[in-house]
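Each of the two complexes below includes subunit A, the first together with subunit B, the second together with subunit C.
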Partner chain A sequence: MTTEGLRFPNGTTVVIAVFLIALPCILPSLTLASEILVLATGALSCTLLLGSVGLLSFGQGLYFGLGAYVSAILIRDFELTALAATIVASLAGCLLAAAAGLLIVRRQGVYFVMLTLAFAQMGFFLALAFPRLTGGENGFGNVPRTTIAFGQFALSNPLLLYAFLAFLSFAAFALVQRIVASPFGSVLNSIRYNESRSEALGYDARRFKLAAVTMAGGIAALAGAMNTLMLSFVPLSAIDVETSERLLIASLIGGVGSPLGALIGASVLSAMSDFLSPIWPRWSTIVAVLLIVTVLFLRDGLLGLGGVLRRQGKEMPNG
Partner chain B sequence: MSAQVLIFGALNGVGIGMIYFILSVGLTMIFGLMQFVNFAHGAFYMVSAYAAFAIAQWTGSVLPAFLISPILAAIFALVSERLLLQRTYSLPHEAQILITFALAILAQESVTMIFGTLGKNVPVPEVFSGVLILGGFVYPSYRLFVVGVAVAVAVAMWLAIERTRFGAMVRAAAENAEMMGLLGFDSRKVFMAAFAFGGALAGLAGALAAPLRGVEPLMGREALAIAFVVVILGGLGSFNGALLAALLIGITQSLMSMIWPGGAHLMIYGVMTMILAFRPTGLMGRS
Partner chain C sequence: MAEILLSAQGLGVRFGSFNAIEDLNLSIARGTLHSVIGPNGAGKTTLFNALSGTRIPTQGEIRFQGHPITNVPAYGRVHLGLSRSFQLTNIFRDLSVAENILLALQAVAGREAWAFWRNRDPLKVRKKRAAELADTVGLSARFEARAGDLSHGAQRALEIAMALASDPKLLFLDEPLAGMGLDDVHRTKLLIKSLAPERTVVLIEHNMSVVLDISDTVTVLAQGKKIAEGSPQAIRTNVEVKNAYLGSAA
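And now, the complex of A and B:
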């Protein structure tokens, strides 16, 4: 993310807020709008890592899954309200990300990427190996629709559920914007540009990376908790590698240059899934092609499409 | 649990580990050679396993697949290198990872289109359908065959890399591809050969594994994660490291499946985590 002249709150904050309010009005179903919120919040954790500090994570599904299971267990078995369960789940995500991050940030570059995927796979097998805790392949069911807090505002009301999810999602987006605009965010940005030079300036790159990984873990876990609130159920797929991949793809397709990219990428991906999967179950083929096009030609994702078109108009493209 | 059972489990683990080694060694070689991370490596393995399934369907035996599948995987690797991957050599690692990842999705979706989402069984070749009795234990002879093939491949690879002209070129390109180009060798051709060779090895692993575990579209993903664990522990570009790490996790998986079947796969990653906690740079200790 470019931090030049970036303030918080700024125009993007307003656009995100408007987007979240407009979503259920434009879309045919509230379910689809809620799905977009969950995916966007999860993708935001990838955007934070890749866009600010330049870390590619194939494992955010691990924290998504953790958040989903923790919130489900807290709501069903400990009768916590939605807000409390969501907060605890997010903190659990931060904790796990900090622990895994300790091992992961010691390795750089491609090792980092491979480790994120390996830990995500570990989380999947962990969920599978303890079916009494997670429900195993059958998933974790019968999570009651609780209230937001203090027994007030029952989430059985679909519009209220959407509003609550939108509130959580907005909080995550505002937080990421705030982080990126902070001095801490500038250091992350400098590590992305040139890690060894940042270290030469006296910043301990590992500690900053660890902090970013921890925050991203918390955000992914928040998305997982939102998923539980939405579905009242945690499927095993909440923690599989495919979830990690979906979060990453959504953030990439939208563009990691701005938090807004996560929202756009998630909208495009969810809409495609919703409209295409009944017609053509193998629609992921299109996603793969879109991903190749994004990486080769649209480095800033769909969000950068306007800029690319403008540039192409001015000068001849030369590869 | 008696010592004999442990030995039996360990032997089984050597078989699994050798398949993991053949699977991973191509990934580690391609990285050592051209600093290229191939997320489509698991796809080579999966496509080849499906080819083995198809061959077994047509001919009635999976035996010809052990030769044909690796060739098909090599062709798949070469074609994708020429058409797509070579365009990414000058791009950052992240771009290479994402492009090969997209290629893996394309392969997985294509295979699903042809063969469906459900897993399928591949019969063990009839010659090896029997069992061998070793010291009071019944050992499936197919597994012994797999170990034999894998050991032969490992020895042949070691000889090829250490003793032949091609091996010298591979080692030279891994050391300094630019210098090799300046000396008049076409490093592009070495890269292509390495890609084909790595693909063929992943393909051989896929064909050998098919009768043991069946085929399903997600097997490529699983294999990729295993190959990553092997290179994380063994070190990218290290032949010996890959062998050591592959045997270690193969034996771990096999022994755990006797003690706690539900956690056998989990323990592969558990072992990885434990080793990383004490040796952040993996078994061979280079950073």
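And now, the complex of A and C:
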């Protein structure tokens, strides 16, 4: 993303806020709107890594799953309220990402990607190997609809649940915008452009990457916790590699040039799933085509569509 | 004798079975302009990479101000007072000249680079310093221009400004004149000359007339080994150098 001169809050912040408020009004169901929020927040962790530092993670599903399980266990077995469980789950995501990151950031390029994938696979098999903790293939069920905090605001009210998820999601988007527009963000940006040059200037690229990986882990875990609040249940699929894949695809289709891309990508993906799956069970084929088109022709994702069309228009005679 | 700022003892860099640098001893005196010359493939850039920390040597020891720094990575050496420019222009093309220099200044501004909770509002002091650096290398007029849009010579100048941003005690310049037009060569030559004796400069350069004109000491490398060292006058008349280097050009 071109981030120089970027400030926070800015117009995009307003657009995101309006988008989150408008979603349940436009869409036929609150469930779909909530699904979009969860997917968007998870995709945001990929956008942060890829868009700012240029790191491709195939393993954000690991932290998503961790956040989902941790929040579920805290709410069901330790009777924590939703806000407390969400915060603890996010911190757990940061911790795990920092620990895995210590190893992962030692490698670059393809090897980095492969390590993220390996860690994600390991997480899945660990979840499968400890069914007493995670429910294994049956999933982790019976998570009660708790209250947001202090026994106030019961999440059994679907509109309140959406409002709370939207609040959490907005907090994550604001955080990413805050990071990108900060001095720290300018370093991440410089590492993405040219890592060796950044090091020659005196930046310890590995430490900055580790910090970004840690933050992204926290955001993915937050999305996982939101998923638990939404479903009252953690399916084993919350931690599988397909989840990692979905988060990455949503961020790529939307475009990693701005946090807004994660929201757009997640909306398109969730809406397609909702509308098309009853009509055509193989609807994912369309996602594949969309991804191919995006990668080949829309490097900035759907976010960059406007710019591409404008340029096309200029090149057309009499256009 | 002048104080030795940087020294290398028995330095070796090996790529597989190929010795790019072999058993090299080098002493750089503080405040001097020390050039390293040699034919293509002599190991000059490899030597620079080892001295500036981009490549950890396979043998030997490097000392800076008496302290061993052999295993200190490149970013760490910047904070000790070493800085470098690159042979192939290595700037942030999509950022402006000002942003390139500010990024370099921010790298040595303590914890500033870790601030993630506020916007990028560089202090007036730092903006002023960035403008001064641009002025030093003759880029004042292009301060807000996109770095990728600059002429080749101006990009080379920006390289030097970024290397100077950390206020280094020792500056490595890797072929700063490469590909420059005549006007730029003259201006850059004066700029490099003006850096010493306040700073120590180690220079790799192919332009022999400039090297012999402005250097205090010249080290000649051939096939990874030091074959001569001395004042420009001594190098000019050295028979071995003529054979290995000047002779090949004639």
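The rule is simple: the second predicted complex is superposed on the first by the 314 of 319 C-alpha atoms of A that agree within 3 Å, B and C clash if a C-alpha of one lies under 4 Å from a C-alpha of the other, contacts with A are read in each partner's own complex, and residues count from 1 in each chain.
We adopt the following convention: a contact is a pair of C-beta atoms (placed from the backbone, for glycine too) under 8 Å apart; a residue touches a chain by one contact, two chains touch by 3 or more.
Quick caveat, the model's predicted, so the values are computed rather than measured.
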{"item": "Partner chain in contact with A:284 - subunit B first, subunit C second, else both or neither", "value": "first"}
{"item": "Touched partner set for A:264, first subunit B, second subunit C, both or neither", "value": "neither"}
{"item": "Subunit B versus subunit C as contact partner of A:231, first or second or both or neither", "value": "neither"}
{"item": "Which of subunit B and subunit C A:203 touches, first, second, both or neither", "value": "second"}
{"item": "First, second, both or neither for A:121, with subunit B first and subunit C second", "value": "first"}
{"item": "When both partners are placed on the shared chain, which of subunit B and subunit C touches more of subunit A", "value": "B"}
{"item": "Touched partner set for A:107, first subunit B, second subunit C, both or neither", "value": "first"}
{"item": "First, second, both or neither for A:296, with subunit B first and subunit C second", "value": "first"}
{"item": "Touch list for subunit B against partner subunit A, complex", "value": "31, 37, 84, 87-88, 91, 93-95, 97-99, 101-103, 105-106, 108-110, 112-113, 221-222, 224-225, 228-229, 231-232, 236, 260, 262-263, 265-266, 269-270, 272-273, 276-277, 280-281"}
{"item": "In the complex, subunit A residues that touch subunit B", "value": "50, 54, 56, 58, 103, 106-107, 109-111, 113-115, 117-119, 121-122, 125-126, 128-129, 131, 241-242, 245, 252, 282, 284-285, 287-289, 291-292, 295-296"}
{"item": "Touch list for subunit C against partner subunit A, complex", "value": "52, 54, 73-76, 78-79, 83-84, 86, 90-96, 99, 103-104, 106-108, 112-120, 162, 165-166"}
{"item": "Residues of subunit A that touch subunit C when the two form their complex", "value": "2, 4, 6-8, 178-179, 181-187, 190, 193-194, 196-205, 208, 211"}
